[in-house]
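As structure tokens, here come the structures.
Look at the two complexes coming up: chain A is in both, with chain B in one and chain C in the other.
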Partner chain A sequence: MFDSLLLLLNGFVDCLSLMNIFCAIVGSLLGSLIGVLPGLGISGTVAILLPLTYGMSPLSALIMISGIYFGSQYGGAITSILVNIPGEATSIVTCFDGHPMAREGKAGKALCISSIASFVGGFIGTLGLTFAAAALARVALSFGKVEFFAIVVFGLLLLTSISGKNQLKGLISVALGVLLGCVGLDSLYGKARFTFGIVNLYSGIDFVTFIMGAYGITELLKAICIPEEQGEVLEFSLRDQFPNKKDYKECWLPTLRASVLGFAVGLVPGAGSTLSTFFAYGMEKGLSKHPEKFGTGVPEGIAAPEAANNAAMYAGLVPLLSLGLPFTSSMALLMNAFIIHGITPGPLFISEHPDLFWGLIASMFLGNIILLIINLPFVGLWARLLKVDFNILMPLITFITFAGGYAINYSVFDMGMMVACGFVGFFLGQCGYNMAALAVGLFLSPTFEGSLLGTMTLYHGDIFAALWDRKLALVIIILGIAAFIFSSVKSSRKFFAERNAMKA
Partner chain B sequence: MKKVLLSLLVLLMAVTMVFAQGQKESGSVDADGNWTPSKEVSVIVSYAAGGSTDLLARTFANEAASVWATPLVINNMPGGGNAIGFSALRQAAPDGLTIGNTNSSVVVNCLTGETPFVYYEELQPICQVGFAPYIVYVAKDSPIQNLADLEEAVKTRDVVMAANNRGGQTHWELEYFAMKVGSDITAVIYDGGSASIAAVLGGHAEVTVQAPSDGQEYVRSGDLRAIAVLDDARLETDIYKDVPTSVEQGYGWLQNGFFHGYSAPKGIGEAQLKYFEDGFKKALEIPEVREKIEYYGFTVDYQDAEGFRQVWLDTVEQYKTVIAELGDRLTE
Partner chain C sequence: MKQLILERVRKIVSIVLFLVGILALVVTLSTMKVGSFTKPQEGFTPVLFSILLIGFSILNIVIEFITPNSIPGELKDVNWKKFFLYFAICIVYVFLVKKIGFATDTFICLALMLKLAGLKGWVKTIVISLIVSVLIWALFTLAMGVPLPAGILI
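Presenting the complex of A and B:
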């Protein structure tokens, strides 16, 4: 522990040069920007910027690139809150309460809460990385196919109850999402499924394309078809743009809890950071004194997922930094940034390059503070965006959405796909199906399928034997089923009570 | 006024289009038959920017910029398990202004999965620049020390292997091995190399087949043990120079590797083809380029267009034989 502190101090000495601070600021700014512009992902930006870093020292380059990476997590919440378009999977849950709060005229407050929660989550995540990276790496490795299967099932079941009112429709939405995730070359056999011979469908329905359609285009369709639902954003007073004492009081505990939970779930390789957001949201909803208010713009509904996804992002670095194993495409890109500068992350990285590792960790503390400082002043500006005349704002959003849809793969086909997803999203949404559940189902579909088939192979088709053999998986799945049954009983009771009331 | 402006604009566009039409020549050929492109050459890479294939292609564009008459511009077309990039390459005009990266997927995908067309028949190879053999790794606490031990283990107990994709290049070798020695192996499919290695490190699988670059850090740290290079020649790097080949260990029928090379749309002219063949050959003489190729785990191994085609055809032959022998073992 003391050694770590000493090394960390050394790291601060290394990273606190003018050049490095400049790189951290540039990276954070760019990251926030790409987080705001949907479609412009981390991967593309980093790939474009990599050549620019050739001339820098490895530490400066890494600081800049990880700044982009963490900045995007901050920025991702902005579109979720303001216009109800999540830029990536991890900010879907932020829409639940963030957007309703913005519609009440408190966009600034929502953004502040999200920034501060992100800061706390990031800070706690960095602490976790500082003191436990090496030990936690082995925890990440202990996750086998069976545990993956269990946690994905748990996540999908939980999703049905936290998103929306009707649990049956939630279940249908999740199932539909998983089914949509089957389009394309399946990851196991390389066989084309539901592609109708269209080459562009071989790679499946891109997740970002889908959410940009199902959220962005859907908003547009709603504005055209049911304008009366749009209405004006309610009164806009400057006092409401910043969190008050009550908000802080309501949020501090959920933020801390969610940060710790987010870091723990973030250790699950791959899908961890997305899962962490709705685990945190579900936990807060369960613990809250007023669970029925969730989804209408409660502050803890914003703080929890934002703290969780930031903490989880740092946990996601654990396998990369201590073992050299990137589990997501953005992690793989970060790894390439290391490689370009002549460092191959692997099990020996921390012991062979302590200066880099600790410099990077120190830069994360620094980056967190920079992000908070550069984000808070913009809150007022962003919040005012909603005061822009709807007839100007909507075309602008549409333009950015289309440009983003094209920018993901530079493909016109994807733009068409996005529009199609928009129509599907609009009609399903009007029928009361939940887009968040559908989107996350789509996102988790490959993990679900891969872990299920892997489990089947390992245990020769006997899934019960598999669960019995791996007790952790068994516990997770029982918890998931229990939570599912509990909430479906509750929601069906409410349903019948309402129907009886209507009859009477 | 507006109308005038508008019509001027239309006229301007029309004129540009006519000129653009007129400039159909993709390049010029001098008296000695040497072709020079008229503008930059687009290189289609069927992976997202930032991956190792992309970075290698960018090495040829940047570090080797001096050998090209006009710049090479990388055009990333990821997705569809290479199908999108390879399809775009096939549909491009064979005028020498579009070439593409082709790795082993150009053959393997057609034989082990579904593809929109037969890549290796409808693309024109330009050259191979590098080759890498696959390596068999086991967990550090596994009792298996060599292929003979693996044979013994497969025969006497249930051995779990981690593969990166079903039927693909890191899967069939050990299924084939198990079949040849008259037994069976349990293959669990993971999502790519990192996940497979993680499975072995975490004790969920005992053995895996990976590219030399993917496993080397774990061999260095002692977490993985390399037991065989699936080729007839050992690798020369410090980490792998003591690892015996499958041929040395008496399992000569177990060999596999992968290549990195470039191709053009079918029908490209002789002069254009020669421009690229010579260019890549010259690029491989630049120390920085060789260094990068070796860094990504390849051995520099230049093959001209005909040589590269032969590599494709040999791989096709090899895979067809293996797949026929394995039958439904790969899909079970």
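Presenting the complex of A and C:
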């Protein structure tokens, strides 16, 4: 415990350089700015802005990427409150009470509550991450290929069970993702697979390129081709910005409860931040003395989901940093960003790079404070940005995305791949396929293949013997399958009920 | 006709995914070594996942065909003319970027896309395109050191 504290203090010393603070501020500002724009999403935002970090030192780059990542989360709430359009899926619930409160002329107060709750959620999430990641990494040091195989299967099964509406389409997405991940030179034998003689495919489908296409281009395309009301941006004054004593009294306990709940939900692979907001909102409504007021503009209705989604985002970093296994597309992208900067998260990451790990944790505390400080005075600016004509903004972002896509490998082929991923991703997404499962399948494909083939070679092709020998892996797999079956039965019942209703 | 296709998009996509699985399986079996359970080779994972994809897709096709036709997601709201023009501009952009240079290509395609997105007035469109293409070029080339394609112009 004392050692951890010392290391954390060291982390603060490392990250408190002028350059790193500058990176945290720029990252937070850029993240908030793009988070404000409805539709682009956290993955798209990080993917588009990732090239900005090329050429930086690993710690500065991590700090900037974290700033972008968490900043976009902050920005998402602003559109929920002022326009009733969630900037991110994680901010959908914030609309329920945020916008009614803004309509009552308390937009400033709603934004302030959202910022403070996000700060508390982020702070508790960082605390949880600090201890959980270090503890899990210690346990994970004893993990072999069988455990990693089990965790990947568990994560993918849970991802298809929880995050999508249709489990079968989730499984198809995972299978397609893993197959796409097989494109290129095979990491074990060095043989070319599915390259069709195209040299550019030898290095495989670049994950960031895929995200830029399937998330970035798809969302930009939707913004341009699907007519949508831009929404009326509510006016507010900075004078009404700060909550009063009564608001604080009503919000502090829900914020704390939602932060803890959000962190716990965020630890479940595939659950992600969005689900945590619904859980937190439901919990607060259930515990409230006046549940009927929820949805009419109560401060707890803003504080709970905002605290939960921020805490859950930090929880998503636990498997990423300690096991090297991301289970959401945005976490996979974050891991990709780490790898680009020469850092491979995993069980050995904390012990081999304590400076980076604790520097990153310290930067999260710092970033959280910076986000709180910059968000309040900049709220007016973000609100004005919402009035900018999206007809101008979206094409501009399209071409910044192209430049970013080129900058990854200096490859025009990647730009073409981005367009193709955008086209395919659009139709798959519209038809209900789970794009997150596809992205995570693509990203985890080499890990999955390595652990599967390693296990089979080690146990002479007998997977069951391997699982029986490594009981923890067996338990993990059983839990994953149980969750998947439970969720499938539930959704099949719903499917047949809906089909019968449609026929009737 | 358009309505008919849109209502069947889910079925079409499910069949395409099935065909992708078949293609992956055929390519794997004809170009890679699969190995055995005790000694898996480079084709083992592709075979396993193409079989899974085929299996899941067959089930999916059955479900899609017993489900009544309806237009999925937001497809009924899509302006298809803009949709195909957006992709056409993107494809032309990628095709030309090495030939005429990043900044010039961005200027031309951005102007077209701004018009496509509904921006009124050519002067405004050209001024915005010019400023933005130069800014993006400067940001990536001068500030970040990315050698963007130069082509015959910049």
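Quick note on the criterion: the second predicted complex is superposed on the first by the 264 of 504 C-alpha atoms of A that agree within 3 Å, B and C clash if a C-alpha of one lies under 4 Å from a C-alpha of the other, contacts with A are read in each partner's own complex, and residues count from 1 in each chain.
Please note the rule applied: a contact is a pair of C-beta atoms (placed from the backbone, for glycine too) under 8 Å apart; a residue touches a chain by one contact, two chains touch by 3 or more.
Computed from a predicted model, the values in this text were never measured in an experiment.
> Give one of first, second, both or neither to describe whether A:L472 is in contact with chain B, with chain C, with both, or with none.
neither
> Considering only touches as defined above, state whether A:I217 meets chain B (first), chain C (second), both or neither.
In the superposition, A:I217 contacts chain C only.
> For A:N391, is the partner it touches chain B (first), chain C (second), both, or none of the two (neither)?
In the superposition, A:N391 contacts chain C only.
> For A:S142 in the superposed arrangement: first (chain B), second (chain C), both or neither?
In the superposition, A:S142 contacts chain B only.
> Tell me which partner A:Y189 touches in the superposition: chain B (first), chain C (second), both or neither.
both
> Based on the superposed arrangement, let me know which partner A:G432 touches: chain B (first), chain C (second), both, or neither?
second
> Quick one: is A:T457 in contact with chain B, with chain C, with both, or with neither? Answer first, second, both or neither.
The answer is both, since A:T457 touches chain B and chain C.
> Just to be sure I follow: which residues of chain A are touched by chain B in one complex and then by chain C in the other one?
In chain A, positions 51, 188-189, 191, 410, 453, 457 sit in both the chain B and chain C interfaces.
> Considering the complex alone, what residue numbers of chain B touch chain A?
Residues 48-52, 54-55, 62, 76-81, 83-84, 87, 109, 112-114, 116, 160, 165-168, 186-191, 194-195, 197-199, 201-204, 216-218, 220-221, 223, 295, 331 of chain B touch chain A in their complex.
> Touching chain C in the complex: which residues of chain A?
Going through chain A, the ones touching chain C are 51-52, 54-55, 168-169, 171-172, 175-176, 178-179, 182, 186, 188-189, 191, 193-194, 217, 221-222, 224-227, 389-392, 394-396, 398-400, 402-403, 406-407, 410, 412, 415-416, 419, 422-423, 427-433, 445, 448-449, 452-453, 456-457, 460-462, 495, 499, 502-503.
> Which residues of chain C touch chain A in the complex?
9-10, 13-14, 17, 20-21, 24, 27-28, 31-33, 36-46, 49-50, 52-53, 56-57, 59-60, 63, 66-68, 70, 72-75, 77-80, 82-83, 86-87, 90-91, 93-94, 97-98, 102, 106, 109-110, 113-114, 116-119, 128, 132-133, 136, 139-140, 144-149
> Which residues of chain A touch chain B once you look at their complex with the stated criterion?
Listed in rising order, the residues of chain A that touch chain B are 43-44, 46-48, 50-51, 138, 140-145, 184-185, 187-192, 197, 199-203, 269-270, 319, 323-327, 329, 332-333, 336, 339-340, 344-348, 409-411, 446-447, 450, 453-454, 457-458.
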